[in-house]
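Each in structure tokens, the structures are laid out below.
Both of the next two complexes hold chain A, though its partner changes from chain B to chain C.
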Partner chain A sequence: MDVIIIGLLLGGTYALMAVGLQLQYGVARIMNLASGETLVCGAFGAVWFFTAYKMSPLYALIGVVPAAFFANWAIYRFMMLPLVRRAKNQGQLEVDSILATFGLSFVAIGILLALFGGEFLAYSYLATPFSILGQPYALNRIVAFLGAAVVCVGLYIWLHHTRAGLTLRAVSVNPSAAGLVGINVASTSALAFALGGAVSASGGTLLSMFLNFDASLGVIFTLKALVIVIMGGVGDIRGAIVASFILGLTETAVATYLDPGLTLAAAYVLFIVILLVRPEGLFGRRSS
Partner chain B sequence: MNLPAAIALSHREQIKLLAGVLIFGAAALLPFFNTTYWLSIGISIAMFTVLATSWALFSGPTNYIALSTAAFFGIGMYIVGGGLPYLPFPALVLVAALAGALFSAVVGLATLRISGVYFVIFTLGLAELVRQVVAWAQHVMGTSSGLYVLIGISDQAMYWLLLGLAALVFLVGWAIGRSRLGFALRIIGNDEVVAVHSGINTARAKVVLFVISSTFAAMTGALVAPRWSYVEPSIAFSPFLSFEVVIMALLGGVHRLWGPLVGVIPFTLLWEFISAKFPSQTTLLLGACFLLIVYFIPRGVVGLIEDFTRERGGAIRDLLKRWTGGHA
Partner chain C sequence: MHRRTVLKGAGAAALAGPFGFRAARAQDATVKIGVIGPRTGVMASGAAVSHFPNFKLWEHEVNARGGLKMKSGQRKVELIEYDDRSQPGETIKAVERLAAQDKVDFIMPVYGTGYNLAAAPIYAKYGYPQVTQAAVTDQIDTLTQRYPGLFFVQGSTSAFAQSAANVLKKLKDEGKIGNKVAIVNVADAFGIELANAGRPIFQQAGFEIVYDKSYPLGTQDYSPVMKAAKAANPDAFVAWSYPPDTFGLAEQAKIEGLNVKAYYSAVAVAFPAFRAKFGNSIENVLGAGGIQDSPEIREYYRKHKEVTGVDADYWASPLYYTFLQILTQTFEAVGSFDREAIINHLKTHTFKTVVGDNTDIRKQRLARYWTVGQWQDGFFHAVSGVGFDNYKPVRLKTGWGT
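Then we have the complex of A and B:
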């Protein structure tokens, strides 16, 4: 029972990084290998804010979210768009954007190392027990989960009930057809990429309330987010959320019954199962 | 001469082969100059030549970016580290090659049957995955995480071994380039759908090449393990290694067999300089170099050279055309 509730709480918070990547890959068509670094930046922002001002890391979101939004918008506008224009086909763009974001991830790690050093950073916030069904759980995990739920629900409503959300979904389904009906694909993609970065960074801020971070951890989160996106099916936010819960549960089970050092292995096992059984993902459509 | 067509060499190829033999012969003389500093740089260059060239064997023609060099390199290193009490060094290098081949075959079979980015994603975390599993296995067996690799192998011997391995990579690469397999890979790289429709077993071709490439990485890891007398997971599975290999190969150019070599030599020297001058900014500078290459020389130095000679060649052809009144 413990494992299930902790797993669900963790998975819910993971959903943010997956949804962030989903927006960047599903809409803007950029496989962002630096998305984990965005998340680590969000976490470091919270650590810095908490140690400097001794205020709830939730307030750090007020700064982290717009900063990540603009940083990612700039990355798309000035680094990805030239690649989009230069690419002759989708394959070329994929290779170029993978290489560029891979390089970017090392630049980000370098900057974080220069600013914060290579130590694990952590702080203690709301590490008080809170009882669910008679069992105590750390309150910070619950708060992080609720925060993630608010963002995900808000995003879902925005995507499905506003005109801007409709534009995003149109580009996600077919960029060239979206262009034909008068959608500015470049600026919509930039918006999706920026929004995705902001969501990933907010995920980092929330995760930092109960996980310890160091500068080099980004790649693990990138990988987990990618596995979730593939498992859920590219281009579907609901899929990403369901897959996040699956990963959160699996990881918690592995950490509890086997070894806490094997969580990445758990993600890989899920990845292999998905590749062998259902490569298009749980909610994905089978392509011809 | 009555050689079968597969072995018969054209005049150009004979010249190339001779040049290759001469270059390797000259490189093999380095240890006689008695400078430990340059010998250690020579070892780095030879090591990265093997890694980058074998990386480009697979990733060059197919455009599948493999980020897993460190995983196989680390496996090779750990096999030597863990196996030394039981087996002699040369046997361990073979075991490492075998292990690398088997593991890469499994990875390849799981990911390369499906086209798309799954392969890249899978390789991205592979080194970290193997590191976690190795650390866990050591924890369960109750051994310490580091391993001592105490074996009397001189720097000269290691250099020659790596050079030999580099020569082998070039021979294998050249043979693949001439074979049906190499032809198939180039078609896959151009358009995978076309490749499938012309009856190429794309999955098999990709897996075979990935296995060859990864086997060389595992062997390199095994060969250089004695260089660190103490091997630990953070050295063996460092993500930087995969990154450096990709940078060097891209800097040189991945569409010619000798392309990566053109990137390895200047980059190793540059890197030696940077890590001595700015030891705490290496990650940042490495990333910045990488971005510069991706944005400004996407086809590598070799691409630049080819563009340059083509322009010059074009100019010469124009001159000739004018000279002969348009009949050249």
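Then we have the complex of A and C:
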């Protein structure tokens, strides 16, 4: 029971890292290597808010989410769209966007260094035990898990039960066909990219309650998100969510029953096995 | 494009030729000092606290009093800084560049054990003295023999493991704690080295190791580790940990209510951010480093904050400053930047510094240093070390407060 709860909490943490990237890669077709930096920006926003105003970092979400949304929208509109227009095919767009966002991640690190310096930023919020079935769990992790649940369920309902969600899914399945039926692919992609950025940044804000950040830590989150997105299958948000929880549960089970030293190995073994069995990922579509 | 840049550079150099001499004379006024360290990458957060601010403070202090008093008159100092991006390859290139191209008068040590050791041959090649900082290794004897200009200020890995064990052994022998210890370590160079050095020492000291596991660097959830450690019901907890895990483990210990009477975690307990995050709940937590309280050291912390805007840590920071005080005195005693003369001076003199009146580095290593500290009333006091007679008595941990 213990293992399941800890695993679910960790899975929620991973979902916060991965779902934003899933939207950006699955719909807008931009493999955003600066996804981790977006997350770190969200965390810095929370740290700054918490230290400056001594208020709950959760309030920082009010500022972080719209800021990240507009920043990412602008990134898509002014930096990615020219690449999309220029790209002759999906492969070229992927190469171009990987290079562009890789560069972007360095710019983001530079700006964060200039603004906040390179030190560790950490604060303590809700680091109190919360008892479930007689066992203590960190309250801040539970709050982050609830945040993740809200984001994931919200996105799922939005994607599957609204018209806007439908257009997003249409673009995700086939951008050129979506254009033929009258969907504005460019603006839909921009929306997906901006939304993905907002989700990543809010993830950073929630995670900053229990993870410590410094300006150059983004790449760690990008890597984890990348593994989850590819494991889950590109283009379906359920894939990233399910993959996050599988990863969280596996790592916790290995750490508890085998050896904490093997968690990383277990995560990558799982990654390889899933890719061998289903190369398109858990929820991915087989390419024709 | 690339070739054109090179040609342009060559042209500029050729043009500068006839005027080069005068330019060099004009620059004579300032002393050029090379500083290399990680502004970005995995080592950056530590360097932002311990490494860069101390050089800034030193530059500020030396220039504020008119510069270094050399034979040729008073000369102000100017720092030339390169970012090694936490990559040893970049560190080596930067040392080469400072020596061969910038022709600096002196090169400050780089940050971190691996980086200092990687750069040692280059310092030696150009004859620059290298007083390593933030470098802890068991190879001190071999390395100092191989490189006569290489100095260490932070001691050996086994000294750190030994001292931590000694502190706990003393508590055990006095009957204050039982003999069960839980040990965890980060699966990375320093953590593994400490764990391997520590295991036999704890067993010899009569401890029963009830939990002994490693976890990977970058672990995001420490609850499985902490739950298992707590279930083993230890009297003392030892973590050979790095900055991110030191924070993560302490937070989890607090949540799980790991009520050991002695809690030790290696790197970063001495960081100001550790106390900033946990406040009074880390009272009586033990960690690597520590410093003896004195008016001089309090003054150092005050100045550090005032000049650099950053709080100094309680381990590497004061040692950096100690080394910089030694360096200032050596430069002024030698009167020039004759590298051999500087090395000789370091090997034949003792110095008055912030950690003592007779700071001795003659045997290419600091003769006395602290290894274990404990948070007591908001100061990270030294409770164990090498070469000192008196230490602040260790207190028992009584829970994590609120």
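We adopt the following convention: the second predicted complex is superposed on the first by the 263 of 288 C-alpha atoms of A that agree within 3 Å, B and C clash if a C-alpha of one lies under 4 Å from a C-alpha of the other, contacts with A are read in each partner's own complex, and residues count from 1 in each chain.
Throughout what follows, a residue touches a chain if its C-beta (ideal position, glycine included) is under 8 Å from a C-beta of that chain, and two chains touch if they have at least 3 such contacts.
It should be emphasised that the depicted structure is a prediction, and the values quoted were computed from it without experimental measurement.
Novice: A:Leu10 in the overlay: touching chain B, chain C, both, or neither? Say first, second, both or neither.
Specialist: second
Novice: Tell me which partner A:Phe102 touches in the superposition: chain B (first), chain C (second), both or neither.
Specialist: After superposing on A, A:Phe102 lies in contact with chain B but is clear of chain C.
Novice: Once chain A of both complexes is superposed, is A:Gly261 in touch with chain B (first), chain C (second), both, or neither?
Specialist: Both partners.
Novice: If we overlay the two complexes on their shared chain A, which of chain B and chain C does A:Ala149 touch? Say first, second, both or neither.
Specialist: Once the two structures are laid over each other on A, A:Ala149 reaches no partner at all.
Novice: In the superposed arrangement, does A:Leu113 touch chain B (first), chain C (second), both or neither?
Specialist: It touches chain B and chain C both.
Novice: By the touch definition at the top of the document, which applies to A:Phe271: first (chain B), second (chain C), both, or neither?
Specialist: first
Novice: If we overlay the two complexes on their shared chain A, which of chain B and chain C does A:Pro129 touch? Say first, second, both or neither.
Specialist: second
Novice: Applying the document's definition of touch, where does A:Leu121 land relative to chain B and chain C: first, second, both, or neither?
Specialist: Touch status of A:Leu121: second partner only.
Novice: Taking the superposition on A as described, I'd like to know which of chain B and chain C A:Ile183 touches: first, second, both or neither.
Specialist: After superposing on A, A:Ile183 lies clear of both chain B and chain C.
Novice: Which chain A residues come up in both lists, the one for chain B and the one for chain C?
Specialist: In chain A, positions 109, 113, 216, 220, 259, 261, 264 sit in both the chain B and chain C interfaces.
Novice: If we count contacts the way the header does, which residues on chain B are in touch with chain A in the complex?
Specialist: Touching chain A: residues 63, 65, 67, 110-111, 114, 117-118, 120-122, 124-125, 128-129, 132-133, 135-136, 139-140, 239, 243, 246, 250, 280-288, 290-291, 294-295, 298 of chain B.
Novice: Can you tell me which positions in chain A touch chain B when the two form their complex?
Specialist: For chain A paired with chain B, touching residues are 31, 33, 79, 82, 91, 94-96, 98-100, 102-111, 113-114, 216, 219-220, 222-223, 226-227, 230, 259, 261-262, 264-265, 267-268, 271-272, 275-276, 279.
Novice: Along chain A, where are the residues that touch chain C in the complex?
Specialist: Against chain C, the touching part of chain A is residues 2-3, 6, 9-10, 13, 109, 113, 117-124, 127-129, 136-138, 141, 210-212, 214-216, 220, 251-252, 255-256, 259-261, 263-264.
Novice: Could you list, by residue number, the parts of chain C that touch chain A in their complex?
Specialist: 39-42, 44-45, 47-49, 86, 184, 187, 213-216, 218-221, 223-225, 227-228, 243-244, 247-248, 251-252, 254-257, 268, 271, 273, 276-279, 310
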